[in-house]
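My questions all concern the structure below.
Each chain carries a letter (A, B, C and D) given by its place in the written order, and its residues are counted from 1.
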Amino acid sequence: MAAILHIRDLTKKFGGLTAVDAVSFDVSEGGIVGLIGPNGAGKTTIFNLITGVYKPTSGSIEFRGKSIVGLEPFRIADMGVTRTFQNIRLFKNLSVFDNVLTACHLNANYSFAEAILRLPRFRTQEKALTAKAEDLLGIMGLLGYRDLIANNLPYGLQRRLEIVRALALNPSLLLLDEPAAGMNPDETEQLMRLIGRIRNDFKLSVLVIEHHMDLIMGVCEHIVVLNFGEKIAQGTADEVSKNPQVIEAYLGTSEEAADA
Amino acid sequence: MKKLLFAALAVALVLAGCGGGGKSDVVKVGWLGALTGDQAVWGENELNTVKMLFEEYNAAGGIEVGGKKYQLEVIGYDNKGDPQESVNVTKRLTGQDKVVAIIGPNSSGNAIPMAPILEKAKVPDIATVATNPKVTVQDGKVKPYNFRVCFIDPYQGAVAAGFAYDRLNARTAAILYDVGDDYSQGLREFFKVNFEKKGGTIVADESFNSGDVDFRPQLSKIKAANPDVIFMPYFFKEVALSANQARDLGIKATLLGGDGWPSDQLISMGGKAVEGSYFVNHLDYADPAVQDFKTRYKAKYGKETELNGFLAHDAVLLFVEGLKKAGKPNGEAIAKALEGIDIQGITGRIHISPETHNPEGKDAAIEKIVNGQYVFQEKYAAQ
Amino acid sequence: MVQFLQQLINGLSIGSVYALMAVGYSLVYSIMNFSNFAHGGVIMLGAYFGFFSLTLLKLPFAAAFLLASVGTFFVAIIVERVAYKPLRERRAPFLYFIISAMGASILLENLVIATIGPTFRTYPEVFSKALIELGPLAVGRLDLIIFLISAVSLTLLILFIDKTKLGKAIQAASYNVKACALMGVNTDRVILTVFGLGGFLAGIAGVFFGMKYTVYPQIGNITTKSFIAAVFGGLGSLPGAVLGSVLLGVIETFVAGYLSSQFRDLIAFVILIAVLVLRPTGIMGKVTEDKA
Amino acid sequence: MDWTYIQGILMLAGINMIAVLGLSLLTGFTGLFSFGHAGFMAIGAYVGAWISASPASTPAGLGLPFILAIVGGGAAAGAVSYLIGRISLNLKGDYFCIATLGFGEAIRLIFNNVNRFGGARGWPGVPGKSTFVAILVADVVAVLFLANLVKSRHGRNMIAVREEELAAQIAGIDVFKYKMISLIISAVYAGVAGVFFAHYMTFIQPKMFSLTKSTELTIIVIFGGLGSISGSVLGALVLTALPEVLRAFEIWRLVFYGAAVILIMVSRPKGLMGGMELTPSGIRKVVAERNALREAKAKLLAEAQSGEED
């Protein structure tokens, strides 16, 4: 399968600190790739680089064969790359429905004048947007919370809403930043199935950062392991879990974690 | 919350509306001016003066108009020195309080936007110290309901320039003015034109912004230009500050100012720095004609009157004269009657020209500050 | 050359007044991340406290000076308690703080007008107004004293923040208030301290301002300039506030002295905006990349 | 009660309302805070006065119809706002505020120095074309325009920018473009308000458009409630009338005004309307949100209880 995302020698320095150091990997069309590593390994930084929040110091990022380095985040989103955030970033004071409806905007193209004069194209497209937003909420089981203000949604559902919002953009590559954070094993399991289903139903590729090894091992077809900004291993779940460097990195961190 | 506010609003407006009952033997006169903000001193002084004079008239039995005695009542409102509030207040005075005439305000910017409302309501206004020509005349046409008892900026500018050139023998002058203030810009313009017409040279023309307190950058520049006189057409607080700073920088030139100067605070704040300076005034404080009013004011309010009090006094005189001449307490009639009136006010002869509604030919007084006192120099009329 | 030096002195003297005011802004900004527009009102009260201590209570200067600063210390704390604390507890966005601050500023100014009156008042002469003349140059003695006391109090402030435990808590809180709260720092106390310090400085600034330029209720308006200076230098940075103030004072002076006094503020604003375009957080502001 | 007086206050409130509605889009819906909108009003007022004033008056105008003055004043303010936006919209929070403050003051300084337009002495003799009906029509148009804009994808994108800038970017929203559009529309509103103001006062002076005016507009927006058009409408009415109502208190009225502002912020920080709209659909929305919250709570409670029983 062709790679939808192609990253080569990606490097990001903040002052003297190298957060990401010459990392290369691919995400294949329709694949689910896991990005793992201890805290501070540079995982979220890579997401920020892919989505245009940060500009890379050097290296290349190609999406469907086209470089997306230096593009503004909204253009990258427009091309079909979207994401969720580790610390949830919903439109907090809007209802669940409005969160999704807002993100559906790429499916409409009526102009300002058409909106202000309430012309036919505005009406038909708005109807379509509403239908799409409700559809998505239905698929993801959030329709029951349609009118709830996003901030009042239980934590786990907020994460799910963020995924729905991302899906509203019709992405072909979805980046999930710790989607299972704060979830119990039950919920994690549900999420795992959900990610698989999304991939199939929406025909997209997924790159996921996660700490829950169950989730990663269960759902990812390919795993990239980072430590201190460098890629230390990649391969299938089995390959990676047997890699001595990976084991060391994880043991190391657990000690540090114990110290802290 | 919102309902509550609305209810409060409605109640307050209604209450305000019921305030003035309609006693037939009372003539209601409006006053507007600043009671808050940095011009509040003058506003308060004007309103006090009008109140005092009205009380005196009423105590003496009122004013006889067309064979009937009327009591005078003043309705005074704060306009915060803000043109928009002046419009509100004028609408309130003419529409709701049904006054027959208005006295004030004390600034041109506040007086000019009143004109269309006055015309519509047919209520005359007598401005106290609004010196911009456009208060009474716009595009060559006199505004039928605007009058004033003070001289105007071109005149004051010409007096200052003429006095500087002819009497002080100044050939070079510097100007420091407040670029954000209409009064200051007006005087600066007319001083400049007249001083240059006389043959003098403006060697420095510097400005500051309303609210500034430090003028040393501009003064240092003026010092380098070494003028004979420095014209400072703005109000006493800035005058005192800039005079002090000028002397600190070693500037020895004579300072010259306009009617924004006179105030007790100028002397207390300006001290030695303003010693020997000259300014153009509406009247001579030592004039015997004004002593009686000064004493009465002090006796009633326990403090000295400001310059505005004298002009408010003459505005009241002019109004009473107009009212008597009109023969009925009616705005339109009073406006007609005011044209051509010729009375002797305490600030000088006030002859309202029908063409300009200004007191034509009113002399300006030149005062000098000597030993912390205002010393009258001469009545000076610009040619 | 003489004029150049004289203008430089003028600029530094104006700048040092801005600096005393700007530091108070910056101090509060560093913790609360909003511009405390009530600061001008507190400075104005400081000027009045000093004035009345000298004239009504007939205190010696040092005592009046202290009384004014202690007075504004408490005023600033009261303003914080009344106008900001409820908002803090509700985690309101910074807009609300600014509006509340404006309300406080309107309130303080007009309270003084209503109770004390709108007139200007002149400070009694505490220091002789005699000049120090260096050849053709004139330096005001008062300017020099203001400059020295400002320098001393700013140094003390920086020492306080660098050396004491409370100061370090302030520093830590300026990076991340929430994290500090989690780590057991009493942020409420830190915030009160910051406002108190800001108030204390406002008292000093107010007394000096009054001595130099008289006392009146609209003193607070001039603090717009010191706010600009604080932004110029980089909000939240104390040395930045000082630097920004001095630069603004000198730039204004030179523009008025050599280019055009009519357009002085205009040119000063253009320079300000140019600085912001080149360095979006001011000259010494903390640069934070928005973390995802 | 006298109608001229009340009409005068209502007209002023109506004029303020136009500017406030524009600022409401910028601050309430897009989350940008401006201290310079009096500057845009000034541009509208001066350009409008220039277009409609008689060529025979001083300062001279073009003597064109009032409607052209409205269009010209609004367009001029919009055009200038585009330039300002290019420079300053990338600045964050307080830095954007200070840039707008600087701009507002700069506009005033420029008009103070332009003698062609009367300088600080002002421009008297602007025709008194702002009638009650004209202002009413302008207000209705302004409200409808804004309401339709806000309830479209464009409006939602602006709200997204206010809520969470980064998330908006990631959701494919051109944040800069929408900030710019919001700024331009708000400036056009302010410009149009300026035109009406000039033709209501018949006299304009640069000092009418001071920083105080800018903050007053912002205070009204916040008082009415961020993100609520009905709030802005009510805010403009109440806060324009309030000083008149308080007139009886004379020197104390601004003290009360200041105290009222703090009180509103502290006790009801969402403003009068708190993002709610006083329209049938707006009320339905709020009711739906309340119900949804109640249901969600009930659901969670039920889950928790069933969890305990397990």
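The criterion applied here is as follows: a residue touches a chain if its C-beta (ideal position, glycine included) is under 8 Å from a C-beta of that chain, and two chains touch if they have at least 3 such contacts.
Here the structure is a predicted model, which is why all the values come from computation and not from measurement.
With centres computed from CA atoms alone, D is the chain lying nearest the middle of all the protein shown.
Compared with chain B, the chain whose C-alpha mean position is the greatest distance off is A. Computed centre separation for the pair chain A/chain B is 71 angstrom, with centres defined by C-alpha atoms.
Per-chain CA centroids place chain A at a distance of 46 Å from chain C.
Separating the centre of chain B from that of chain D, both taken as means of CA atoms, is a distance of 36 Å. Averaging C-alpha coordinates per chain places the centre of chain C 30 Å away from that of chain D. Residue positions of chain C with contacts to 2 or more other chains are 110, 113, 262, 265, 290, 292. Counting partner chains per residue, chain B has residues 36, 40, 179, 209 touching two or more of them.
Looking at chain D, one finds that residues 109, 113, 166, 251, 254 touch two or more other chains. Those residues of chain D that touch chain C in the complex are listed here as 27, 33, 87-88, 90-95, 97-99, 101-103, 105-106, 109-110, 113, 165-166, 211, 215, 218-219, 222, 226, 251-252, 254-255, 257-262, 265-267, 269.
Of all residues in chain D, only 145, 148-149, 152-157, 159-160, 163-164, 166-175, 181, 227, 275, 285, 288-289, 291-293, 295-296, 299-300 touch chain A in the complex they form. Those residues of chain B that touch chain D in the shared complex are 1-2, 5-6, 8-9, 12-14, 16-17, 35-36, 40, 77-78, 82-85, 87-88, 91-92, 94-96, 108-109, 112-113, 115-116, 120-121, 132, 134, 138-139, 178-182, 184-186, 209-210. Only residues 1-6, 8-9, 12, 54, 56-58, 108-109, 112-113, 119-122, 124-125, 128, 200-203, 205-208, 234, 238, 241-245, 247-248, 250-251, 253-254, 268, 272-273 of chain D touch chain B when the two sit together in their complex. For chain A in complex with chain D, the touching residues are 51-53, 72-74, 77-78, 82-83, 85, 89-95, 98, 101-106, 108, 110, 112, 115-118, 122, 126, 129, 144-149, 152-154, 165-166, 168-169.
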